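Both complexes below contain chain A, partnered by chain B and then by chain C.
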Partner chain A sequence: MENLIISNLTKGFFKKRALNNFSYSFKKGMVYGLIGPNGSGKTTLMKTIYGLVKPTHGTIFMNGEKISYKTRENIAFMPTEDIFMPDLTGNEILNFYSNNFSDFSLEKANRILEKMKLPLDEKINTYSTGMKMRLKVTLCLARDVELYMFDEPLNGIDVISKDLIKDTIISMTTENSTLIISSHALNEMELILEQVIFLNEGDIIRDINLEELRHTENKSLESLYWEVYNV
Partner chain B sequence: MDFKKNIPIYLQIMDKLKQDISLGTLKPGEKLMSTRDFSIKLKVNPNTISRVYKELEGENIVFTKRGMGTFVVEDENILQNIKNKMADDLITTFIKDLNQLNISIDEAITKLKEMEED
Partner chain C sequence: MYNLIKLELLQRKNIIKILGIVLVMAQLYAFYCYYNNDINNGIGSLFIVGFISMIVYTFSSFISFSKDINERERSMVFMVPKTGFSIISSKFITTFILGSLLFLIYIGGFIGNVLIVNPSLIGDFSIEFQNFSIKLAFLTIISFSSFLALVYLSIIITKTFLSRLKFRLIITLVVMSILSKIFNIIIWNNVESADLISSSILLIPVIAITIVMLWISGWLIDNKTDF
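Up next, the complex of A and B:
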């Protein structure tokens, strides 16, 4: 079932177009990959869906409701930016989320944290980049929403953190939610993603089911990437 | 499990399970891991595992008990069936390769017998 429908979405920043007449319907129970070089529109798309960026043209509907601050209650978004105040401890941040998002489940968070192995009593400014990412992913997945979006969840972190994050994402997918993940780590995300959207300068240049790609063209995601972007 | 990234993942997992059954690592009647646990173990999308179980069910190799999980069928013939199917697949590829080399089946049989005698 389609739960997120985007029609003719255009977003211009001054003269540059970050999204160009983008239309797509996302389905429940699926894991989508957003792939493309920097500046291809991945982050703008996610921020527009979350309602942080206003579209220049076009519409986004989530379960029949136009995107606004209200639909945000049903979306969890993990941006690339640092979102934590450095003086807070991991536990304080957990409590902050738990108090601010009605759908945030401490029980779910604790279940994820059992594997994430984070020093929750310590201040965030003692955390490594990988630890911060693990916490960010946890906070996002501990919410109970229909749409989860992760902007570059594997970027610039250590191998163990990558593995923990991948495992957690796999264990938290459900039939009732949609996951959208942007990533440059093609090789690492290849077995988790089902449908991959290739973006270039705000346009969809390819939209492909990975199992079908392997079946009909005998290609891997990475080899298709080289082909699509012609590099 | 190491996957070839240019071959459908569900097919590779199906082959692995069939192999496990024919080798006796997985026994008739044995319960398979849950979709989620198996997907975490193999680090693949859970929908891939659902598809594996569905396809294997279609081939009458496993069956699903509602609320209980997925099991290897108890039929003793299943082992033989899987072996036959795997042999068929091997031989099909073998014949294709021979054709490409322009070697007739008779020639191949002669060579096989020679090798066996060595």
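Up next, the complex of A and C:
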């Protein structure tokens, strides 16, 4: 069943179009991969779905409701850039999420963070890039929603944390949730993804079911990437 | 909104700590001056430090808001399932309450110091003077709130509608100056002639315009601002 329906979505920044008449229906229980080179529209698409970027044209509906600040109650989004106020501590940020998202589980967040070994009493401006990434991923993973979106969740993450993040993502895949993940780490994400959408200049150039691909052609996601983008 | 205000307070704890320490130091210096019979220097330094503190606080609030709006790296607060109006109002309320408290501490402290150095002044203030002072403090606080909402709106307009224009800052400043002039005509031109009740009536349009400006800012965040 489709829970996220995007129709003719266009987003222009000055003369450039980040999304170009993008239409797609995301189904429940699926894990989608957004693949494409830098500037292909992956981040803009995710931010538009979350309501952080406003579309120039087109519509997005989540369970029949037009995207707005209200739909954020049912969407967890991990952006790729820093989002934290530098003077806050890790604990203050966890409390902020716990107070503002009714589905956020502080207990689950602490369980994940225990393994990631983050100094939660310290200010964010003392955190490294990897530490901020781990905190961002956790904030997303500790929510209980229908749609999860991760923009480059493995960027700057060490090997141990990578496995933990991947395992947690896999454990979240239920028949009621949809996951959308954008990543350049194709080999690492291949086992998680079910459907892969290749983007270029804001448009879909290929939409492939990885299961079918494995059965019909014996190709890895990375070799497919090279083929699609003619690299 | 309470949770958003809590976050705003956490964000401002450093500036509040710094201003608190500066004001305490200024007060200690004033006591030292009084002890050495250098009253003018003591009162003068308190006046200057207090005045500069108010300006620093106001501008730090504007800079912080501008960064929140313009830097994607600080967009956490805009990711919550709350309306733009709630978010902008929480920032406005926090800045307004802390600014008003700072102003009242500053004024109260100044009057207290005047009475310390010249206790004979106690009971010397006429009822008219007291009423005028209350009215002035009240109008200053209300003017501060409308100015605050005006600057917030200008920052958001610069980020949205005017973002593609070359001279957006100049346009914003011109619009701000015109609106400030309107506020001045409404409030300050009548301040001396009006009594407490009629000055309260004068404030109704100012408060209404302030709320409308906050609402427009919130609408722009919800519908026109990209983070």
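Throughout what follows, the second predicted complex is superposed on the first by the 228 of 231 C-alpha atoms of A that agree within 3 Å, B and C clash if a C-alpha of one lies under 4 Å from a C-alpha of the other, contacts with A are read in each partner's own complex, and residues count from 1 in each chain.
Assume contacts are C-beta pairs under 8 Å (C-beta built on N, C-alpha and C of every residue); 3 or more make two chains touch, one makes a residue touch a chain.
Treat the numbers as computed from the prediction; the structure is a model and nothing was measured.
After superposition on chain A, the partners chain B and chain C are accommodated together without colliding. When the two structures are aligned on the shared chain, A:144 is found in touch with neither chain B nor chain C.
Touch criterion met: A:222 reaches chain B, while chain C stays clear of it.
Within the superposed three-chain model, A:192 lies in touch with chain B and out of touch with chain C [touch as defined at top].
Of the two partner chains placed by the overlay, neither chain B nor chain C lies in contact with A:203. Using C-alpha centres, the superposed arrangement gives chain A a vertex angle toward chain B and chain C of 160 degrees, stated as a multiple of 10. With chain A used as the common frame, the shortest Cα distance separating chain B from chain C works out to 28 Å. Only residues 3, 5-10, 36, 39-40, 42-48, 51 of chain B touch chain A when the two sit together in their complex. The touching residues of chain A, when paired with chain B in their complex, are 29-31, 166-167, 170-171, 173, 187, 190-194, 211, 214-215, 218-223. The touching residues of chain C, when paired with chain A in their complex, are 3-4, 6-7, 10-11, 13-14, 72-84, 164, 222-227. On the chain A side of its complex with chain C, the touching residues are 14, 47, 50, 52-54, 68-73, 77, 79, 81-85, 87-88, 92-93, 96, 99-101.
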